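Step one of this worksheet: look at the structure below.
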Amino acid sequence: ACGNDSANKNEAKSGKGEEGLKIAIVTSPSGVDDGSFNEDNYNGILNFIKKHPTATVKAVREETGDLAAAVQAVADIVADYDVIVTPGFQFAGISSIAVENPDKIFILNDSEPAPVGDQKEFDNIYAMNFAEQESGFFAGMAAALETKSNKVAVVNGIAYPSNVNYQFGFESGVNYVNKVYGKDVKSVELSGYAGTDVTGANVGGNYAGSFADEATGKVIGNALIKQGVDIIFVAAGGTGNGVFTAVKEAKGDVKVIGCDVDQYDDGVNGSKNIVLTSGVKFMSKNVEKVLNSVVDGSFKGGNVVLYADTESTGFIKEEGRHQLSEDTLSKMNEAYELVKDGTIVPASNFNGHTPDKFPGLK
Amino acid sequence: MSDYIVEMKHITKRFPGIVANDDVSLGIKKGEIFALLGENGAGKSTLMSILSGMYEPDEGEIYIRGEKVQISSPNHAAKLNIGMVHQHFKLVSDYTITENITLGIEPIKKFAGLFPYVDIRNANRKIEELSKNFGLEVDPTKKIADLTVSMQQRVEILKVLYREAEILIFDEPTAVLTPQEIDFLLGIIEGLRNGGKTIILITHKLEEIKKVADRCAVLNKGKLIDVLDVKKTPVNLMAQLMVGREVNFESEKVPAQFKEEVLKVEHLTVKNEDGFEVVKDVSFTIHSGEIFAIAGVADNGQVEIADTIAGLTKVSGGKILLEGKDITNESIRNRTETGISYIPEDRQSFGLVLDFDLSTNLALKQYYREPFSSKGILNKEEFEQFGSNMIDKYDIRSGQGIKTQVRSMSGGNQQKAIIAREIELQSPLMIFVQPTRGVDIGAIENIHRMMIQERDKGKAVLLISLELDEIMNVADTIGVIYNGQLQKIASSESLTTNEVGEYMMGAKHE
Amino acid sequence: MSKDKKEKFFSYSLIRPLSNEKWQPISIPLVSILISFIAAAVVILLIGKNPIQAFYNLFQGAGILPKPSYAGYKSMVTDFLSLLNAMTPLVFASLAVAVAFKAGLFNIGVSGQMLVSGFLATIIVGYSGLDAVIAKPLVLLVGMVAGGLIGGLVGWLKYKFNINEVVTTIMLNYIAQYVISFFIQMFYIDPVSRQSQYISEAARLTLVNVEIANLKMDIPLGFILAIITAILVKFVMDKTVVGFEMKAVGSNRNAAKYAGINVGRNTVLAMVMSGGLAGLAGVTYYLGHFSSIQPKVLSSLGFDSIAVSLLGNSHPIGVIFSSFLVSIIDQGSTYMSSQAGIRQEISSVIIGLILLVSACGEYLKFKVRRLKEKEVDRKERES
Amino acid sequence: MDTIIIDGLSFALPLFILAIGGIYSEKSGIINLALEGIQGFGAFVGALSAVLIANASGMDVQNLFYVALIFSMIGGMTFSIIHAVLCIKFKANQVISGVVINILALALTTFLTTQINALVFGAASDKFRLGVSERFTIEGLANIPVIGAVFTNVYPFEVIIIVIAFFAWYLLYKTRFGMRLRASGENPHSVDAAGVNVLKIRFSAVLISGLLSGLGGMCFAYSISANFSSNIYMGYGFLAIAALIFGNWRILPTLAACLLFGFAKSGGAFIAQSMALPSSFTDLFMILPYVLTLLLLIFFSKSNRAPRALGEIYDKGKR
């Protein structure tokens, strides 16, 4: 009897009197403060709470990053909450918990729920995936339009589908600029870091082989800079920090493009900033949207992929958060509309297109 | 103002299960050589450790030069001009003589007037000078690891002198020395006394006391029995007071009855870690019923011979036969089984597992066989039973009986435990290396008696000792070793002590 | 005379319960745990939370105390079984450390040995489709053999080439981590989970989601084995010739050699045993508690176990209890964090504190002995 | 080729200073497995101080490089007090104390980083962001073939480390303190009998060890990501221990061991790049330093010897 009441007492944001929505967010080891993926999801919840002050949120971190442990962490606490937000592919396994707890709602990001028997979609799981290739596409465009050396590159972690999507999207963007604006920009690949995707196919690119190896990130960053690359799209998780550092240390005019969320703050380098823009997925907005649907009763489970048409993918163009030229910005805005209306469909790992041949590439 | 430079009043020191010093009061005069005598575990070392600041007494008072002091550390003792030469040398073996002597009071110079560094060169010179003054020549730049035991002892003495000690305590300084070295050391000690220093000497050897000491205190079971004037007290009275019974110095033995060959060593050659030949082409034979002793100055290869026979060191040439069986390349265990008992020189790092209890140590050579264990399972009761028997049989004294951690036992009693264990194996060949080192005279007598007893039972005994007296006393056959080579093998009756001494020094050979 | 009073206070509150030497192996860790919980309570108070509440939640989360509400198919029983499931590999790992320790060796490489055995068991048995009756024992066997071989290698390198086992095990940790990561990424990756593919249920040492009385529980088969193993290890160490020899080698190599004990063989043997136990930790971890392997991650369990084994006095039975305690804190932390709003790191801090205090056990013992002696002295003086 | 030397050095030198820290502690007789935790904690304090000072004074973190270095040393030293107290005052088992400290360091620094970011800076983040350290090139020397790489793209801390390493060598082998320290690790009883307080010497040794390790941690933080986060715990502390054992507890051979690690590591990455294999194969090249170490140890270990009293709890009464 003691757990629940006091939990509420301890919670600063909890309202008095009426019961609000009880939300928990369970994250991978990097926690809700990672300044990136998890935090963006968390912000969605916080924004929701701002408008619904009776709602509460509790952040729980799973420390090992192992799948089974992640699911166990959710199972440990599920009884005490109404909605559980689980950002990260690690949580695909929560479907079994969802089945056992039909009165709870789960918001899963970055993965589809693991099938339970034949069932792949669940009434109480809203699983969202984003079209990373679109974000990558904008990054590729920005890089190709802004490069002076005509050499750009994308750095990834491991060739899982989401990463390959970013890579193919980026390369699509570069090719698009080359074709449409008559440039000759090369997407540089270091031979030793080609990725092998989940089907075993060689997808090229620059894969560090890990999402948490800053040192290797830095090695790759340095190698790219040495080859004359002046804009790098960094879609490599923690490994990306190493690329950032390499770029900061390089004295030349090298820039990076952030990934997933607006990484402008990570780009501060003395009085300068190395972040050109960021190719992003608008996760917080979507999390908030789903939470709203829960309170107004319109919640509907299912597995969705979110595209630019719902303004779920894109790039950072707020004043002061990017360093794109006017010209680039307008070209990208143009393209954004084309992506939105489906004229341009950048290549992804499994959508059948390739960076050299995709709808919209004239 | 009393005429004592050191006064210890009503000193009591307790350790778990034992009162090491029980209300001991002593006065030591300036400029005398004061000896401490007592059985193993009587509390001599403890008492002197208190004086040198290693332990603090539970009760009692200490006066130095008439002033009451509480000696809280060796450093404090040094300030009071008290220095102790411990039996177990406290030296850093990687350091040079100078570095060891100056440790704690290193002379400093400044480089560029800014960076202080230890001025070794200057210190070397000073120590060379000091060592000459006291007749203790050493090469100050040599490393301790390269020195013989007696040289190491010189370093310890120099250490104390370098600190300008007035009161010098020696804890069993002669136990590890050869007769020549002992004479030399006693000379030094007398010289120091004549130079005005006060000397406290712990020793088990009455003749040494007789030779140099002025007065002598006798301790027994922690209590002070008496303080004697050495000049006026006959040796056997001292011994009697100390042991509490009459002591026989000459071992009585019937003439040896040699029977069949037990050990045959043929052309044995042994190299040390650096590949240097320490034993060169050594051959000898020991028969059942024979005590064969190897006499020699320390570090002439005798310990290596023993180690090699026991299997601790590898042979590089030659053969070892035990009861006709070639054991040259056998494992240690097999040798023990075939029939070797071995009392090693270094009891603390080889002879005992200091952190095990006494009963376990007593069973260290037999734990794996019936009745100590059967089918790989230990029988704890048998350990205890056996341990208790041994304690009684060999008079091993300790705080908590078979449960005593061996580390806490006095050195002499540790030695007794090893002897008990090895004799009890009843092996055809028994190797005794320095069996009486650090052991009181009562116990020495016992050990010698036991050795002879075993011989008479038909065992072959190999005795290695630095003490010529001991060898002359118990051996039937003597082999003298010098520089890794056996100079002479002859029956003990046919050799005089002097002759043996000459062979030992390499002055005479066949 | 306040010093005297203080001493008296200590003597009554501390010495009495601690002075019985027979009970010290138990009483000292208990006091250590108490002290560290008090210290942790202070930390929790400092961040403005209620420590009693937090500890209560901790135990609730671990299945020791009931929670107010349970999710579908869950109850205290299922939580408790999860606790045992998580604890199983820790027991094995700590035993591995303890055995090596007794022989005077430090096995810092438990993590690496776990990984290798877990991996080999996974690819040999986990993906084989063998029947449960054959698969499960085979998993154990593979784990034990693989771990034992690595341990043996460490022991052999030490004996043969005098290579410090601390270095060897650290190096092998890295090598295992990278090499196995390579194989997983190349051949056994599951693209969705980004870990190695799941093993077959038949090979898994924990029966998962067993439905009993409307509850879905995980039954850790390895747990029983862990307990039996601990008892066995105790028996071997205390009562057998093998254990005697290993302890002798650990205590004084020279004397052991002199006594005819084969030092080399015992060094290798101790490491084989230690490695074998680490292997069991590996299979109960990767093929029991979990069912797949994260590439490039060394389980921290291998390091924690060093401390856990200390907390248990390197005593096999003590290890069971210390593993139990540490697992409670580990397992309960998620729930505590969710309920009391205290970050989970606090639970690591608590574990750290417990271990810290218990590392001082020898000192406590020493202090107690000193105080006891003083008391005896005082009494003597008084009378 | 240049990259091998440049990257190799920037990894080897922080490792070296960590290892020197280890040498100090172990030469005095205290096993120090806590290097890993101490370097992390040092880096934490260094980064925190830089960030706090930047925040309070409005200075750019970029310019607080030296401040961070100094505070990392203070931080490392402070944290090492735990090890010193545990091992020396409380007579704890040194290996265990080290392991426990590592566990504690990881838990504490991750906890405090997020907590402080939230409380002080009002921004949720699990890392402290530092400015990158400016690298410099000595023009003339840099043009020498091969060797030139040594003078190319040098971190300032590399120079600092070399200077400190030299002082550490001087202190250990030439001064009074160093003599006593080494003697404490060989035969503490001799030191005690010489009237020197062994415990004090060992205490200082552990603190110096902490100071140097803290610096090492900060250098790693700068050279790898210019951040402080829990990524600092990459096991380099353990690697440093391996290096110092490999170096037989002596400073110069340890430098050689560290350079070996550094070059093998950067060389491995270089080979991986030039062999044009998929990224998964990089893992295989990463084992290069470790395999090499094991192989070399087979040849060089025979004569290796730890300080005689290493790990022994010093107790006057015991001998």
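By written order: A, B, C and D. Residues from 1 in each chain.
Just so it is clear, contacts are C-beta pairs under 8 Å (C-beta built on N, C-alpha and C of every residue); 3 or more make two chains touch, one makes a residue touch a chain.
Computed from a prediction, not measured in an experiment: that's the story for all the values here.
A.B. asks: What chain lies farthest away from subunit B once each centre is taken as the mean of the Cα atoms?
C.D. replies: For subunit B, the chain whose C-alpha mean is farthest off is A.
A.B. asks: Suppose each chain is reduced to the average of its Cα coordinates; what separation in Å results between subunit A and subunit C?
C.D. replies: Taking the average C-alpha coordinate of subunit A and of subunit C, the gap between them is 38 Å.
A.B. asks: Go ahead and note the Å separation of the Cα centroids belonging to subunit A and subunit B.
C.D. replies: 77
A.B. asks: State, to the nearest whole Å, the distance from the C-alpha centre of subunit B to the C-alpha centre of subunit C.
C.D. replies: Spacing between the chain centres: roughly 46 Å.
A.B. asks: So which bits of subunit C are touching at least two other chains?
C.D. replies: 185-186, 296, 343
A.B. asks: If I count partner chains per residue in subunit A, which residues reach a count of at least 2?
C.D. replies: Only 158, 196, 209, 212 qualify.
A.B. asks: Considering subunit B alone, which of its residues make contact with at least two other chains?
C.D. replies: As it turns out, subunit B has no residue touching two or more other chains.
A.B. asks: Could you list each pair of chains that touch one another?
C.D. replies: A-C, A-D, B-C, B-D, C-D
A.B. asks: Quick check: in the complex, which residue numbers of subunit C touch subunit A?
C.D. replies: Result: residues 49-50, 53, 56-57, 60-61, 67-74, 79, 82, 185-186, 189, 191-195, 209, 216, 289-292, 294, 296-297, 299, 334-335, 337-341, 343-344 of subunit C touch subunit A.
A.B. asks: Write out the stretch or stretches of subunit B touching subunit D in their complex.
C.D. replies: Where subunit B meets subunit D, its residues are 54-55, 73-76, 78, 84, 86, 88, 90-95, 99-100, 103-106, 108, 115-118, 159, 407.
A.B. asks: Of all residues in subunit A, which touch subunit D in the complex?
C.D. replies: Those in contact with subunit D are residues 30-35, 39, 42, 158-159, 190-196, 202, 207-209, 212, 214-219, 222-223, 226, 238, 241-242, 244-245, 248-249, 265-266, 268-271.
A.B. asks: Tell me, which parts of subunit D touch subunit B in their complex?
C.D. replies: So the residues of subunit D touching subunit B come out as 170, 174-176, 179-180, 182-183, 186-187, 189-196, 308, 316-319.
A.B. asks: Taking the complex as given, what residues does subunit D use to touch subunit A?
C.D. replies: On the subunit D side, the touching residues are 3, 7, 11, 60, 62, 114, 117-118, 124-127, 129, 131-135, 153, 224-227, 229, 231, 234, 266, 269, 272-283.
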